[in-house]
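These are the structures in question, set out in turn.
In what follows, chain A forms one complex with chain B and a second complex with chain C.
Let's look at the complex of A and B:
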């Protein structure tokens, strides 16, 4: 029995000539809340489509709860709770009707639990879905995703379009009902502050590849912003992986990986510097929008003279 | 029948029941109005008029109702953006498709059955001996309502098969289009081309026989 709820090994997926996933590799441990981060169009929804057996991969291996979604899609869907991005349900159905409609598809469906979740999430059962607010719609989707007691819950940007209060409420519900029960949650989002309080692990997807996969706390500890002189930054560029740099008055503010080692080295050299802790949002931005090339960073920071010397 | 099938059929029935009511209303109102006009002009032609009007309305009905419901079956989920929700359900896609087609076939053919049942009732009440003889002279089984040689049964079955045929053409040609209009346009194009090819082959066959 695998310890992982989801395993991706060198997965590739293209739509015509557009390569969306390029050798994506990741593992999601059972019982963890896993934040899958990426910009719009990074390939998050495609990866989820592959996990649910809605799309066929071009290459690589995928296991979801030890099943291959390409050949065992129905079994995967029975055991997984899935809330799609901007999920559109049948507007003419009343909430209680959609609960009864969905029940036969899941052998483990617990109607009493569905009614309990509907009550907890304040879903108006007698109302037609087309008359629900955006927040109620998302919460109804969550009821449908949870009422069959899934081992794994996949949420694809579930809070998309919700206002900040609603997002907080949604995350509160998520923590109460999922993390409390020890389920594996795969939470895809491009809103970092949304997943930061709930995620145990984070993977950052950029242009179809996982550029970083770490525990949330490790990521916060290892990626930091350091402000230092241009000359010192130029020297540092040869030793550390710089994710991003920006001017900071007369100095330069760089964001580095393996920050504890870099800071230790700077202290040993007696280089004057200032360390700034980053939130997940800033770390994400550094990975997907920052300059990831050490050489390019070094050239820009130290200038051509520094490089030639 | 297990509850997954019941669930799928229930959903389709709920989506189409008002369309069926509208189609039935239109299909019954047209002959009823026509008969009313005929009745005001002359009572003697009522039976023949009922038969001919009920037959005539079947042609536009088969084309329009078949396309109307077929477009909805072919592209309704995509146009309402519910296709991803449906495809993510833990059941084989062919079951959802089969439930859609079965209910759609019922929805388009039931109004035809109702029309011809009412026509049969009307004619039975109005029929004189001479008319009945005229009908039965080509058939000894006129009084058996399920016999194919019964004019009512034959036209009812013919009409139902016609509208189901248009429906299936529309579903096949318009399947998985982004919206109903595209599905309908493609179905019309596909059906027209198929019939032109068929007519062309028949013409060539006749010419070669000569």
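Let's look at the complex of A and C:
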């Protein structure tokens, strides 16, 4: 038995000449709530499509609940609760009809639970699907994804159609029903301030590669902004990985990945500096849109060192 | 126990929760022997990951503020007064340092800063006095 609910090893996927995933590698431990972050077009939906066996990978290995979605797609879909980004359902069915329609596909379907979720998420049971609002459509999709009590839930941007009250209710349900029962949740999101209270771990996907995978709390502890003189920053650029750099008066404010070690080094050297804690939005921005121009150039001159594109 | 989470803050959620529990202890709203909500209950109430709450409780147990009694739950520790006072002094010192830094940045000198602090203190004392009179 693998300890992982989802494994990606060097996965590549292109659409014609457009490379979307470029050697994506990640592991999602069983029982964890895992947030998958990335800008639009970073490859999140493609990765999820591969997990569900909706797309075929070009290279690499994927395991979902120890199954290969490329050859065992039906089994994967039976055991995973899945919400697509643009879930399309039979428009002519009423919500209540689709709940009964879906039930026989899943041996573990819990109809009482389906009705409870429908009530919690304010899904109008008597309404035809084609008449639902966008938000109601997402919420109906969520009901369908969760009602068979899957051991792994994969949700492509579930918060998209939920208003703040429903998001909180959804987070609560996720915490009590899914986390509380030790199930694995993998979800993509744009709303980082919603992700932070809930997720055990986050992975940031950028240009088809995982640029950071960490426990949410560790990420907050390790990525910080430090203001210091230009000379000191230049020195630092040779040792530490700088994600973002911008002028701060006469000084320069840099965002570094291993802040505790960097701060310790600065203190030992007696270099004057100021540390700013960042929120998850700012950390995300530093990874996917960080300004690395000057110092990154220095890094390149200074010698070999990892610079993420 | 009323705890408020500020989302998107630069203060991590675990620290927000820990600080507020410590404040409740220091202000006497929580006293030695009080039982805290279970990890599950508080996680649900705040819509925060259970592991986060568990880690906060565990850390506060290590710091001596809380104690876990097997099978009974988590409680405010005996003799919590001294500990919370130390913790709060530490936190206040840090906050005052930041205020001082801002003041210096704005070009204020020591006298200006002392004056501002005295004025603020006076205001707070006046407010609490008028509150006591109202309740009488």
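Here, the second predicted complex is superposed on the first by the 276 of 309 C-alpha atoms of A that agree within 3 Å, B and C clash if a C-alpha of one lies under 4 Å from a C-alpha of the other, contacts with A are read in each partner's own complex, and residues count from 1 in each chain.
Methods note: a contact is a pair of C-beta atoms (placed from the backbone, for glycine too) under 8 Å apart; a residue touches a chain by one contact, two chains touch by 3 or more.
Keep in mind that what you see is a predicted model, and the values were worked out from it rather than measured.
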Check your understanding: Now for A:237: first (chain B), second (chain C), both, or neither, which partner does it touch?
Key -> neither
With both complexes overlaid on chain A, does A:78 touch chain B (first), chain C (second), both or neither?
first
| query | Does chain B (first) or chain C (second) touch A:281, or do both, or does neither? | reply | second
Per the contact definition in the header, classify A:91: touching chain B only (first), chain C only (second), both, or neither. first
Margin query: A:101 in the overlay: touching chain B, chain C, both, or neither? Say first, second, both or neither.
Written below: first
On the A-aligned overlay, A:51 touches which partner chain: chain B = first, chain C = second, or both, or neither?
neither
Requested in this report: For A:180, select first, second, both or neither according to whether it touches chain B, chain C, the two together, or no partner.
Outcome: second
In the complex, chain A touches chain C at residues 33, 168, 171-172, 175-176, 179-180, 192-194, 196-200, 217, 220-221, 276-282
In the complex, the residues of chain A that touch chain B are 52, 54, 74-75, 77-78, 82, 84, 87-93, 100-106
Chain C contacts chain A in the complex at 5, 7-14, 40, 43-44, 46-52, 55
As the complex stands, chain B meets chain A at residues 2-4, 6-7, 10-11, 14-15, 80-82, 84-85, 87-92
